[in-house]
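Here the structure is laid out as structure tokens; the discussion comes afterwards.
Each chain carries a letter (A, B, C and D) given by its place in the written order, and its residues are counted from 1.
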Amino acid sequence: MITVILGTGPGLGAALVRQFTGQGHTVVAMARRKDFLDSLCEEEAKKGGKIIGVPCDASKPESIKDAFAQIPKSDKVGCLIYNASAPFRPASILDTTPEEMEAAWKATCLGALVASQAILPGMVAQGYGTILFTGATASIRGSAKMSALAVPKFGVRALAQSIAREFGPQGIHASHILVDGVIDTEKTRQYLGDKPIPQDSLLSPSAMAQVYWQLYAQDRSVWTQELDIRPFVEKF
Amino acid sequence: MITVILGTGPGLGAALVRQFTGQGHTVVAMARRKDFLDSLCEEEAKKGGKIIGVPCDASKPESIKDAFAQIPKSDKVGCLIYNASAPFRPASILDTTPEEMEAAWKATCLGALVASQAILPGMVAQGYGTILFTGATASIRGSAKMSALAVPKFGVRALAQSIAREFGPQGIHASHILVDGVIDTEKTRQYLGDKPIPQDSLLSPSAMAQVYWQLYAQDRSVWTQELDIRPFVEKF
Amino acid sequence: MITVILGTGPGLGAALVRQFTGQGHTVVAMARRKDFLDSLCEEEAKKGGKIIGVPCDASKPESIKDAFAQIPKSDKVGCLIYNASAPFRPASILDTTPEEMEAAWKATCLGALVASQAILPGMVAQGYGTILFTGATASIRGSAKMSALAVPKFGVRALAQSIAREFGPQGIHASHILVDGVIDTEKTRQYLGDKPIPQDSLLSPSAMAQVYWQLYAQDRSVWTQELDIRPFVEKF
Amino acid sequence: MITVILGTGPGLGAALVRQFTGQGHTVVAMARRKDFLDSLCEEEAKKGGKIIGVPCDASKPESIKDAFAQIPKSDKVGCLIYNASAPFRPASILDTTPEEMEAAWKATCLGALVASQAILPGMVAQGYGTILFTGATASIRGSAKMSALAVPKFGVRALAQSIAREFGPQGIHASHILVDGVIDTEKTRQYLGDKPIPQDSLLSPSAMAQVYWQLYAQDRSVWTQELDIRPFVEKF
């Protein structure tokens, strides 16, 4: 079985790769950074994980189409995980240029449409398949200075619901994961510096990846279309 | 006082023009269709309504900027109503091209950002102002075959919330109106043909416009950020 | 036209009385405190407002039934406002006794059912009528230490929706008002003491009452089933 | 480890018992029907499952307190599942007596408070524990003729949120499961009679129970507070 993951940077993306190869899936890992893709492939090669690295720029529909054309035809695609999003910095509405908003929307939301369109016909033909979308608190709440994250993320949620409602009865499971909190990555820890980090107060990427796997593996009589995940100490 | 209305086609847009000129506001009416703008201006001229028609294509940031540059400086802008959206036809995810999605998003959502950015600095300077966004059921529900409406409309809702939270304490009232149902327009009635239309089963544009006015006129100690409106017989 | 208001203490209740008598309605004001009812009646008498004070304990179904039996039959009841709720203090789940929870639920939620049942048959017979329910932030958010408010208030919201969906097509407008913030009452100001209170940072009861009136007066082609109201500086 | 399940009728309750004993937990199974409890205990005894049957009437706080007093002190309680609810038939608001509403609320909602209060102090002392609440579509939507289900179920959701927010930082995981659809039980199949039942169109109790187990087993850095589950063909 093939799982396609678009957005496999360090952190959640890499953990998803490990989770799904660990379960025997062939992972087609897509990301912009070729060097990080290479290191992921090397890591998997060492432990016998099946992985194919494909460079892809989620903000460009053509790049997504090219990347999806490289998915091997020899096996079925059971799962697509859309984990890409534009880089984001909080900014006033007045400091968010239309160009920035558009770029954010393309990488986060339009790319999710293009990737879904590339994968759905095959899933429909085989009668099953799972598409998982990484969301955020900003998917359901437009906070001050967060518009360039919230606008695209709200959009992805709309898309996930539309796909779930149109394709669910054809056996396609679309699910949206509301990630609330900060993911525990090297970058996060560098950023937090000497600040004490209570145990389990950051989202563990491998624990997150397990949740994604459980959604993929759900019996189709009990599909989850949306769930939230957050550290036990997270205010919400 | 000036009210800017972007999206003044027949139906809700025209009713908003009538409501706000009727209350003594100078309305700057923006729409793509020059001919309809002209007829609106003529109608208002006859009854002494103050109106300025400005052609504007909501899907083009530059066109919005140009249009907003034509707002007279002689008076204050008390209200902006973003009522523009792209034409929409229900379609499968698979029949919604990235180009269509992008065009829909630009006219419906990106335009709302650009218009808000054009009007906010003045409102902040004067310490008050109201921005009203026309939403839809598709703003909170991604139905099957509705993605090209839902994705942009979810985005507008995110934007409205971001503006409300950032600028509320500075005296700017951002509010989002969830329109649920079919608006009573000539076009609607043509489309429905001989089908019987029970009284008040379609949204009356003038009654809608009154709700918008009430939101504009709300005391700032009791601001509404979101409300729904639907005909009494509408299923929801 | 008669408007019945259950829960007419100082603050919002009294402002609702003033708003609806000011519009020419005969108000049947129901509250537990006979002395305050008397002072309201006296106040209205002086300015020619039509009011009937009826003592009522919202936590007791029999008391509600008795009170509603005293509504004059000589006129039609156009509006019921359920504004009663139990007194509340934040408390841990562990310090909220089942008895307290039950008492809170009865006054806030069960009473709303009983009052609605008393008024609906007449409204259905005449083919119109409005029922307004006072909600709170706690109607949509179960915060820490707020369970004895949130459990009943969530319940009232469920009830408002059930009534709206069952009786809407029969011409009955049920609407739920999410009050977010602190109401400006004498008690509030005493409680806040010397703390500076920025202008309009507390919900003005008379401005709130105007919103209730607008909901009552809504054209049935544009009914609002839910809206929020909060001061412009309120965090949300 | 002990798991307490309140509401262990045939269907979901029995499947939860099997899931948690299958994972080595000692299950304290509570239900009103002594005969069904006995048959569950017998079944578990045969395969070596650890189970203790305790009769309990969820609509009576005293009965819950008595039942919880019988939980063995020799082991720790890791999980409480509140799966009890009152029997329900759709009915008009006008045909739902206050007595019925109160009875429904007590078994479905007040019981959830009482059970949580009985279990929380021990969980707080040990620094961990999970409380799972069975919800329904009626937890977030007050449909016509569903008030006697929706009012209590909305209330349980408020309670789950209050507990999650108060006790999360103390290591207690409260989660609410929105069950949308019809559970596949013998009773359901009898009721549906000769109607064809497409495969997986009813919620499989054992698949549901697996979701509950996954929530129990979640790493505390990625807790889910709410998720929905529904069959792939379910309209939503």
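Quick notes on this structure:
To be clear about the criterion, a contact is a pair of C-beta atoms (placed from the backbone, for glycine too) under 8 Å apart; a residue touches a chain by one contact, two chains touch by 3 or more.
Protein names from UniProt, one per chain: A, B, C, D = SDR-family protein.
Quantities reported herein were computed from a predicted structural model and do not represent experimental measurements.
Here the CA centre of chain A (SDR-family protein) is 32 Å from the CA centre of chain D (SDR-family protein).
Centre-to-centre spacing of chain B (SDR-family protein) and chain D (SDR-family protein) amounts to 45 Å, using the average Cα coordinate of each chain. In chain C (SDR-family protein), the residues that touch at least two other chains are 165.
Chain contacts here close into one cycle, and each chain has exactly two touching partners.
Applying the touch criterion to all chain pairs gives A-B, A-D, B-C, C-D.
Listing the residues of chain C (SDR-family protein) that touch chain B (SDR-family protein) in their complex gives 165, 168-169, 171, 173, 184, 200-204, 207-208, 210-211, 214, 218-234, 236.
Listing the residues of chain C (SDR-family protein) that touch chain D (SDR-family protein) in their complex gives 61, 92-94, 96, 98, 101-102, 105-106, 109-110, 113-114, 116-117, 120-121, 138, 141-147, 150-155, 157-167.
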